[in-house]
Structure formats: C-alpha cells, structure tokens
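Below: one structure, written as structure tokens.
Chain IDs A, B, C, D and E follow the sequence of writing; residue 1 opens each chain.
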C-alpha cells in the first residue's frame, strides 16, 4: 500500500484579487515573446480543459507560424456535466483572463481575441462586456492593439471541442474537423489560432504575476501547479476549490465526502468513474504515474453515496452523449444509441448480462475510432461503471 | 517537388509524396482500405470511420482518408484492432439500416451491402435501431426518392449538392441521434431548390437516394395493345448502358441498345440525337438572330450571352438562383421535349396515328428530365409531349427483366423519320458538345466553310475543366452575315452547377463578355448525368467522353444541318428554323422560382 | 424438330426441349430460382412461369416441354404480375436481414430481387419456426433462410444418394433438413457440402473457421502454417471475378503471405507423398494377391483421399472398410509432417504450430476432428477453411488480389509434381498413382499421350480403364501380361454402384478411385459458386494445364519427397509412415 | 416590410454579412422572436447570401436555437445527473402541475414553454433552471412556485 | 400378405415381437420404396405410433435414409410420431363443419382436455387431432373418437361425451 505523497492542500491564486492586471499586462507585453513562452514552458502548465496539452508549447507552435492574421480564443464553452469553474472565473476575475489573452496575442502576434461563451451563460454577458470595455480602454491608453469580443454559443456541448468551436464560430454546425491540421496552424477561419481554456488563461496570469517557479513548485511531477475543482453531488460542501494537483482521491473524499461515498466521477460524464476501492491508488493529475492511477480532469468532481443507483447515473450520461454527439461519425452517433439502448435492454432482461461485454468491446472501438474526444471518452465512464457496478446494471 | 517521405504499410516500405493520405498511399501498394463516406469527386469528410487504420505506436486508430502520411509512419491496415473496430462500425451502421435488400432499388450495387459482404457480418447482436425510428420516405418529387431508413449519414449527397452543384438542397440537420440529412425545414424534395440533377443519387452509396422509377408504367404501356409506344434515346445513354449489362466502361452499345428496345416491345425506336441536330438548327439560328440584333441593329434589349437550355437541371437552377436572368436562356426546348412535341404531331401525322394513342418514352442519362417532362409548359402537342422518362439504369433493369441476353444481341439501327442523326447530335452527351455542334453549324452557315479545326474537332471546348473558354474569329462571312466579319465569337462552357454559378456571376458582374455559353448541370455533361450507371467518377467520365467522341468520329455525317431527316422535316413540316411551327412546338418559356 | 414462337419470334428446337431451354438457346433468359441445369427440374418455385397462348394457367417453363406451334410469352404483363406475387410470397417468410447474412451479394434470392424490383410490402407473412443447427463441424443449417426450393434435396438424394436432406411435414410447417429430431452432426451426413454449393440462399452454409484462423494469425506466439489443396488454385480466382478455370497459384501464394501466414505450404507436396504411400500399398496388395495363394488380399483397393466418401463408406458399407487404402488424406499427411518433420527441422515447438488447410471441401472440416487425426495430443491440422472462406479473408484484409504479383510456396513442404496437381479432379489420383506404379513396375513411363489416361478424364460418372503390364522389371515378373483394371467415380451415387459390385463379389477391378463430389475436388462443397458442368469443365482443364506446365510430372521424381524419405521417413510404408501417414476407419451406424 | 425582415436586416448590419456572423444573427432573432420561423430563416439566408438549407441545418444543431414556436418565457430545467440527484423531477412535476403542460410543450396562452437542457453549470447549487436567460438555483418546489407566480403576475401586469 | 386384422393382437406382444412382425411386413412388401406408405400404416398399427426408433428400423430394413422415412410420414396427418392416447378425438374442420361451429368445438376440446392439437393428455387417455372433411358434411360439425363418429356435436356436449369415455 502506497501512501499519498501530498496531503490535500488548498491554494489561493486564481480568485485572489485582480487589481494588478494593468501592471502585469504592461510588464508582460514589454517582454520578448520567447521569454514569455519559456516562462510558460518552464512552469509546465498544462491545459486545464481536461486534455492537458502543454500551454507553452501551444503558444510556441502558433508563434512559429508565419501569418499576419492569427487568433486567440478563450474557450468558455463549459458544458461538461459537473463543471462550473469557468463561470466562477469569468464572473469573479474576468480581467485575469482578458490580460492573459492579450499577452498571448502579443506572444503569437495576434490582434484579435474571442471568448466563446456557452449559450447557457448568457447572463454573464453584461458584466463581462463591462470588463472588456474597461480592458479596451486601458489597451487604448497604452497603445496596445488587441481587441476582445464575446462570441455566444447556442447550446451544443460538442462546441467545447476546439475544432467544433471554430466551426461554430464560423457560423456552421459545430462538427469537429479532421485532425491534422491542428489549430496552431489551421484554426479559426483557417488561421493559426491559440485556444485556451478559461482556467488555463487564469493560471497564465498567475505565472506572469509571480513567475513560473511559484507555480512549478506546486503539484507533482508531470502535474504542476494548482487546479480548480468543481465539487458537487453527495457532498456537504459543494462549490469551487483550488487545490494542489497530485492529491490522492482518498484525501479528497475524506475532505469532501459525506462519509458514505461509493464512487467519484472525476472529469464529468466524459471522465472516469472511480469506485471506493480505487480511491487510495488514484491521484488527480496528468499522465505519468506516481502512485497507482493518475487521472487527468477538467475539474469536475461528482460524488455519489451508496443511496445512488449507478445505473441511473450511467443512463443519464449516455442520454447526454446520445443527444450531444454531433452525429457525423458512425461510432459516436450510433455507438451512443447502442450503449444506451443496450443497458436498458439488459436492465429489462431483454438481453443477457453477456451483452454488457459486447458493449464494453463497443466502447473500446468507439475509443479507437471516433473522430473527436467526445466519442472517444464515452468509454471512460461506461467501462468504469459497468466493470465496478455490474450487478447494478443487471438487477 | 517536395522530398519524398518513407512509410511502411503492412510491413512493406514505400516512398511517397508528402501530404498523400494514407488511403491513397495504400492504394498505390495494392492494399484496399474500405471506404464509405469517401468519394473521389468530393472533399474528405472522415465521418464514417470505416477506413480506420492503425499507426504503430498510437493508441487510437486514424481515418485513412483524412490522415496524411508522415515520415516514418508504420501503418497496419488489417491488424486485430483495426479489423475488430471496422466490423463494429459496420455492425453499427447496419443496426441503423433498413436491411431488406431484396426489395431495395440499389440491391446489388450498394456499397454498404458490399462492405457487409466483404467483412461477412453474420451476426446482428446490436439492437435494431431502425425498427424504433420513424423514418420518412419522400417520394413527392417526380425525379428523386429519398428514403431515410436506408441513409447511413455519410453526407456524400450533402457534399455533392454543395461542392459539385452549389445547390444546397440537402443539408445536415440536428445533432446526435437525431442527426439526419434533410432539406430546408424537412420539406419534400420537390418543394425546395432541388434541381433534380440526380448527382446525389449517383453519389449515394446505398439506396437512400434513388430515382423515381417508371418501369412498371412503361411495361403497362407496352402491354396495352391500343397504344403506340415510341422511344427515344439520349446521346449519353448509348455509352453508359453497357456498364450496367456487363460491358467495360466506355463501351459503345448503340446497335445493341436499339435491338434490345425493339425486343422490349417498343413500336418505334428513334433517337434523341435527331432532335439534338434539330436543336442546333433552332438554337444556332436563335444565336445568329440575337447577334444580328445586337451587332447590326444595336438593339439594347437583346440578351447576350445566350445560354443553352438543354439541361433541365440547369434550367431549374437558374430559375431558382437567377430569376432575373431568365432572358439569357435560349428559348429552345431540350432535345427530349422537341422530340416529344414532334412525336405527337409530325410523326403522328406522317404515320397516320392518333396522337392520343401515342405513348412517348424517353431514355435519358438524367433524372431532371423526369421533372422536365412533367412541367406544365410541355404540352405543346396538345398532349403531354413526353409521357415517361427512364434513366439509363432503369432501361438496364427492363432489359434484364425481359430476359434479353444483351451481350449476344445483334446490332440494329434506329427507325426512320426521327432516327437519323449526325456526329454533332452525338456529342451533346459530353460537356462542350452542344457548343461544338453549334459552332460546326453556325460557322459553316455564316462563312460557307467548315469550322477551322482539324477534323471538325473543336478541342478547346472538350475536356473536363470546369469552365472552358474558346473563341473563333469569323472571317469573310457570306453576304447576309457581313456584319460579323472580324467578330471574335466568344464562347464558354460550364458543367457542374457550381461552375455554372461561377460563369453566371462573372457575366452578371460584367467581368466576362461572352456571346454564347453552354451550361450543363452535371459534371462531364450528360455522360456524367444523375441517371447514368453508378459508380461515376472522374476516370469513368473520361472514358465515357472518349466513347462519345469516338462515336462522333465514326459517323458519316458530323454536322447537324446535313442530317437528311432534318432537311426533310424543315421541308415537309417546320418550313424554317425559328418559324411559326417551331415557335409553337420547339420553344418554351421559363418561370422564376423561390430560392430555398 | 418442332416449331414454336417465343416473344413473337419463331424458333425451331428439338423435341423434348423445355420451354426454358428453348428460350435460353435463343438468348432469351427466363428468371428462375429452383432450377438447376441437368439436375433439378421440379418446378417448385414457380418463378420461371411463362404464358402459353391458349393455356388457362401459366406454366413453369423449366418443366414444360415445348410443343409444336406453341406461342409463348416470357415477359407479358400477366407473367410479370404473377412473378412479383410469387417473389413477394417467398420473401414474406424470409428474414430481411441481408446485410448480416453470409450470402449477402452471392444470394440468388437477392439477385432475383434485383431483377424483379419490388418496392412495396404487401404480404408480411407468418414466420415459420427458426432452427439453426450448428452441430456439424462442417455444415450449418439455418431454417429461417430456407425458401424450400429443394435443390439440396435433389443433390442429397439424386446425386449423392445420401438421402439426408428431405422435406418434412407439409403446408406452412414444411421444412427441409434431416428428420425433426436429427442433428446434422449426428446423422449420416457425409459433410460433402454439395447441398451448401447449390443452396441459393443462406440456409445451408459451411461452418465458419475464419475467426479461429484470424485469431491464430494475430497470436504472436504461434507459427501459422497454411497449405492449399490442388483444386483451390483452379477456382479461387472466381471469387475475384476471374473467368472460371483461371489458375491463380502464384497470386494465391502471395495473398497467403500477405495475410500473415508464416509458411505457405502446398498440399500437393503431400499428394505426391500420398502417391508414394498409396502406390506402394497397392503394389503390396497386388503382390500379395498374385504371389500368395491365400485369399486374404483385399482387392480392389479404394482411395481414401476424400473424407466425404470415407464417412459415406463407414455408414453404408461398414463391412467393406478393408478395401480402403490406409493412407490419410494428403492434407492430413502434410499436417502430421508439419508438426514433426518440419518442426524438428526448424526447431519449433510443435505445440506452437498452427496448421491451416485451404480446401475445396467442407468434409475436411469434419476430418480434422476425427480422433485418429491427433498425434501426441496435437491435431494434425488445426483449422480447415474452404476456398470461399479464403476468398473472404483476402477481401476482408483489403488485399487487391488482381494486382498481386505472383508469389511462391515455401520449402520444404511446398514443391510438387504435376501428378499432385491432378488430385484436384476426378481421375487424377488414379492417373497419378498409375504414372508412378507403372514406372516402378516396368521401369518405363506410363504409355499415353502427355502421360494422360484418356478414359479416366472427363465428367462421366463411372470411368474405367485397363492397363496391360508388359515386360515388367524382374522383381515384378509375376505381373507380366496381367491386365490391371481400374475404375474411377465421383459423386457418391456412383460410389454406391461400385460398392454394390464389391459387396456382391462381382467387382472386376483392382484399384478404384472414389471422390465424394461430382467432378472431384474441383467442384467440392467448399468451392466458389455457382458450379455447373461448364464450370467444372473449365476448372478441370485448368488443372490439367497446371499439370502439363510442370517439369516434374511424376510423384516419385519430386526431389523434396526423395529428401523426406532420405532424411525422415525411411521407406514408403515404413514404421514412421505408418505412425504418421496412415490411419484406421470406424464402422458407423447406417442411419 | 415585416418586422422580422427589418430585425434581420438590422442584425446583419450590426454583425456583418459573412458566414461567421450567422450565429449571432440567429441568436438575435431568437432573442426577439423566441424561435426561428421558416420565414425568418429564408430571410436570413437571403440577407447573408447563404443557402436556406444551410441556415436550417445550422440552426437545428444548437439546442438554444428553437425552430418551433415557443412561449414568451422558455423554462429550461437542467437534467444533468447532479440536478437529477437533487430532485429535478419534483421541480418538473411542480411546473407541469402549475402550468398544465408537459415537458416540450407550450402553454396555450403562449406564455411559457417547458424544456429540459443539459448541464447549466450550477451543479453545486442543484437543481437549477433557466427562464429565458435568468438563472434560478437551489430550487425547491416551493421556490419554483414562487418564481413562476412572479412571472405570471409580471405578465399580467404588462397586459 | 399380413393384413391389418392379423396385427390386432399387438397389445399382447413384446417389443421384440413387434419388430419381428414389422420386419416380416417389410419383407412381404419386398422392401420396395413404392410400398412405403403401406409399410408405415402397418408399422403404426403395430406400434400405435411411429417413434424415431421405429423409423430407424424401417430405414435400415428398406435401405432408405431415416430422413426420407420422416419426410414421407410427416406429410400425412394420419401418421403420428407421438404416442396416441387410448382415444383419439378428431374434430372435422372441413368447410361444412367449420362454418357450423367446428372451431368452437375444437376450442372447447382444447380447454377441456388441456392439450393442443396433436398432443396427448398426460394420463395417456386422449389425443386430439384435426381432420379436413371426413365426408360427413350432412352431420356437421362431426367428430370422431377412434372409429366412432359423433354427429352434430356442439361445445356444450363435449364434457358429456368425454365423461362417458373416462
């Protein structure tokens, strides 16, 4: 039995006040681009949307492309069930995000930034626009040419996928594109684009403010820094918490559980479900295992206690995916329907329990062949729930 | 040229151009990767996922059609993982599909059927989704039937309608499990902008889009002893039909086709090529008259360039998209409709038949002709000018049903009165053909000399470029056309409606100044029509075009105005091109339509 | 000659010709379904009905003879309407799941649908009881797909004389198969697969072994060896749209390599070996017969290459089993050698070897499950796939067969002589044996044009020949002047005739070749469809072409065979041979 | 000129007439009209020189772009698992009882439409709902009744 | 040639004797396939029904496949592969009987006996079968129990008729 290396540690960077933003913006845009990139690279900040692509590298790739028109996009299409951190950031410290976007514009040579705000967060718009106005005034004041606009989504989970987001911004159906080409060379309107999650940009601000070391010193190998967690479900303390990465799930449950936690859904419906027996060996972070299994996450932590039927949970997820799949690729479109109908048929006794195994193999295929992350990640929660709560699926 | 990169496919090393997709690279080495949503004519979608392959070292599989090769890639096209995944995907598609093949129009020529057969999907463990869904079948259009229960959502039709035709009658609607191919507000196909060109049918891998067939109606007419059933065959049919009946692509089967039609029981087998020649006479005259009005009379109202009007898909397109520019169209009916009008007048009179008892059938490479024959204007003979339009594919089915051993048929020739044609009529079947045929006649009528091209082959208007331009300088014309001396006759040819749009836009913007433009709705012209054998791809179109031009060169007469039956009809019946009778029977008008 | 009019054209045909044939002779095709050329004309499906002027009802053209002055319409409105209704009725009790049917795209019902063009549902009939009988290692019967055309009944009764496939019950509960409580796997079924070959739909099929083969191919710990029977190369091409009778030996070998088989061997090698063993056995029996006075010799000797035939004999003539040669069939020999000789030579653990046979035969799938076919607990052959299944695997793997470059068989079990090639056709084993035996006895080549024994070639049911031995070598002087009488038959009906003679003691023959399928392996139950006499002939010619194109035409000249005896087996019929290459037979119940 | 036509023209003037401005224009029309009628889609297509079918295809992709006539107030209840766990069904039942409509329906007076939606991002304050663009959280049946009564009264006052 | 009368004492025979008798029947019929129907009739008379073993016996004796035997006997409704009860109740469902209530009688029989057509009650007393016109249309609906014909039966009479037999 391995013991967790780090205890649960609360951090307070992101929601710390943003009053220094003007200074930070001015200082940063006076630094050469490569220096800022190196700062980010050495902080080892990874994308906080869930996929964990190194942010510094992302900026670097886009900076290297020679094109007069480039875009910076802040991905605020926070649709993952159980996630609400981006909303908190945008309503509490929007200027941090705007500042980081502008710095990014300076680094890669872009004059235009967009915030893709999901349709459900329409109510954020007035406040956010106010901040953007304030930000713009200052930019004019220091003669820095960077404009930021809000682009409203209209209710499509898949638009959180970066290429689907571009399609959506271009006025089309939000269907993911084939990759390659990647956004750093062919993004919004075919131009090199950096697209970052809201939280990632907020962390960038922290790094610009305190330097990469403060950030790097937090967390564990491969998973540096802190992260916002959206805690919900069967917990006495639902809400947003900034915690150091690399924590053990058992510590997390000790802190947030209601004493009867039977499983935690890490990373929303498309994330992983960890049953009680796996708490101890699971840490929260990106790839590279220190102890046991390490799970990347967009920060959604849903706790379920033993009164909950995991069948209902899975049913809810699959219903969600069936509806929110963009529908263009076969494995995802038909696969989600089959999974949903399949578990229902097993529950009703129309198919025998062996059928679950066939469905498990199907999720594997979906993971290998789906066009984008949505279809690929359906397998995660499906296999974890079916494996660990098989009897609940059948009876 | 960029440096070649090295990859291995199934442990065979090869060097290829950078940027080549895995699919193309594999095809170069004789490895077949199955595809569904991929089509040579269209952009890559990568949404069916049937073509997934394993790149060693990557956990996920990649779609071969959408993934470019990178240096050092080690690709496996048939690994355990790939096979399993592929089978799963096919099974998933089948679970959504109405698999009653025996009753499907595309039975035997269905890509999904072939795929399921190659992979021998023998189980159907997945839940039949098709049963619980309420699929609709849209059969309101006279040309096209859209059956959603057979649709696999590959979006080939959507891409065809958008990329090749620029019509966008079909689109993808909804998302997730409800995602479907739809028209605007799910209206029936005949209520939307659909031009009936049938290219979607030609690109559909399954039976989700098929032509509306009139086989039974024609059999009934043939069986009716009281009817005199006549048939006409379009130029492009004779070079496509063979493909459906066991011949190689590009085989010319004119004689056998005539023989088969006679065996089917048609009372007279005649040729649309005849009326193609007639079209040249009328359209050529119309062009010269417009030129005269423009260049000699300086009439400001004359509309130039004159646009051809043979292609009913194009006609409907311009009615929808450019309702203000209908005056540019030639008023000539399409050859099919000219034939139909004459069949129930000229032919009936000559053969002493009651026109009410004549059933006029035409065999077309086209689905839009089905719509065209349905237009209310097409009743100039006092009856419906053309009663039934069959596609090349439908004719092949009739031949098979009748048990005719097509391969062994003796050659026969068309019946007289409206069966004689020239090479100029034949080339109507290829893009540029109408233009070439018209120029052969117009130039000669104006100057008294044959067109100054070797062997009458006006090569600049041939070929598969989307927009082709040509110009001929008219020198020393005969007296009547003296005003044309030195005029450079500027022509353009566009095929595929997306190219038609380009030309139209350039005319409207004033960028281009043409005198005469040929528009064909389908890529390659009629030989690539929506009613032609499936598959149709660039290679096949090229071969069919070769066959058309070979047919032309083999004809003793190659200019429309030399056709003896044409001379006869003007002598006996029509009296002169653009005359009163012509106007009554051979010309028509157009109506603006809404754009959605 | 009689005169008749079909579709307004006048024709002359010979008396007794059916309307169907009369039309066909004049390039008029009539849609048909249950009809089988020369074999099966019972007019049960009614698809081929035609209208005869003056007749009240429509007539099934396949069983109605043409008569003088008849006026026939094959495509009149009435005919077309009736045909549609019949087809619809056929479909009403058929599962409409074409895409998950193994006969998809090779199904005559589907083809008929293509022709008839039905687009509406009028009859959604009651569904009869579905039985899927997969008890047999060779054949699966799926009654849900059966449309009661009774072709299999004809084949099983008239051609093969096995009499297993029959209609039972009547009316709507009619089904075709063994009797109600009988399973194929426990019946007298010889597994010949002729019923599978003629079944127009997916009601009878070979048991799929491709899944097991794919699994072995993907198993990195296994060395997978494949061998191909002689008749496969003459028919595999048909799966890839080659003309029947196109030889695709080289492409086949290349494709097998591409599929991932580690070694591609040739059953033909073992066919040569069979000749050495069987020839020697024959000589031994003849020597016994002519030199000893005792009557314990058992002549005629009968070949044992065809597992369908073997099982038929075991059921029907359990008392005559001694007439069978004790040789295993060639692919079993090769399997046994692969796991001993080859494993030893390459230093491979035989338990890690997986031997796959590609056979034109479904009975071979049964043969490998016989308990005699295991040595040291290891099966001699692990899986048998038919020619059709190989075609499917190649398509499945995305190999562009037609553009393949020719490949080669691997050594040391890949070399063969022309004598082995002709194993694929009826008369071939006999001819191959005689080529060797005659030369061993007389020291001279077998007389005959191009080494062929003309009377033994062709598709007649029973073929006989006589061969006079003149001036034999001294060791065989007792054979001088003896006339060796041989007979060849293919199809089990003919086999029964020859066996009756033996049973009655009237058989004049010394040596008999019997093949379970009509025409021999070229039209085995595992070959591509369709099979008819024209196609049999084309495949047969291909086999002889392959033979004549070889430098080596006699089994004993095969240098690898010589090496095998030198290095491993010792002598024919020796101890090792007996252990590995010979077998015993089981008496089985008559029903 | 129809008011919608003018609205669309204004929106197009404001956002631009490129393809990428389609979504804001659609949103603008929905904000005003609550849904996209066939007519408005045709008008948008004409204004932006786009195929009407594409406009339709795009609109149907997004759950917030309604293409059927909707009530003045669109109530969207979050149906994600956390809201389900915290009693979403009671909330729905309460609303259904109050308004006498089922999920997916609009009240006969055209005031309210009831829909379900995916995660609203208030999992920690579940259950949550949107009325038009207003968020309501930590719902209980009593609270919902109160909120709805407020809307009904407001509506009456306007009239 | 053995007649049906001669086998009427089959009830007292052992199984072995029955097979011997059947064999002699088959020999009398010269093992000819064309006599198969008669042989099956005799076999049914001897054994009461035609179980699989008897089919096998006939097949071996006649050198026919058992499938062929089965094929023929299942075609005729007179032959049964199931043991018959002491009484075979057959209701005629020919047109005349059908229209005059044969169907209701059948349903009543089914419910009273608790068995389906072709089956036998557990106590092996009644078997139920259906005939197509026995030529007693004037007496419709007609029913036979063994060889006795009951005329103009109706559903209400059924319990009475059956009760008398028990």
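FYI, a contact is a pair of C-beta atoms (placed from the backbone, for glycine too) under 8 Å apart; a residue touches a chain by one contact, two chains touch by 3 or more.
Source: prediction; values computed, not measured.
Think of each touching pair as a link: the shortest run of links from chain C to chain D has 2 of them. Under the contact definition, chain C and chain E share no contacting chain. Chain B has its Cα centroid nearest to the centroid of all protein Cα atoms in the structure. Distance from the chain B centre to the chain C centre is 47 Å, each centre being the mean of its Cα atoms. Distance between chain centres (mean CA atoms), chain A to chain D: 26 Å. Chain D has its Cα centroid 45 Å from the Cα centroid of chain B.
Among all residues of chain B, those that touch two or more other chains are 172, 174-175. The set of chain E residues touching two or more other chains is empty. Under the contact definition stated at the top, the residues of chain D that touch 2 or more other chains are 54, 57, 61.
You'll find the chains touch as A-B, A-D, B-C, B-D, C-E.
Within the complex, the chain D residues that touch chain B are 38, 41-42, 45-46, 51-57, 60-61, 67. Within the complex formed with chain A, the chain B residues making contact are 44-50, 52, 59-61, 63, 66-68, 81, 84-85, 88-89, 92-93, 95-96, 125-127, 129, 152-153, 155, 172, 174-179. Those residues of chain C that touch chain E in the shared complex are 157, 162-170, 177-182, 187-188, 590-591. Across the interface of their complex, chain C is touched by residues 52, 55-56, 59-60, 64-71, 74-75, 81 of chain E.
On the side of chain A, the complex with chain B involves touching residues 156, 158, 173-175, 178, 180, 321-331, 333-338, 341-342, 345, 351, 355, 358, 361-362, 365, 367-371, 376.
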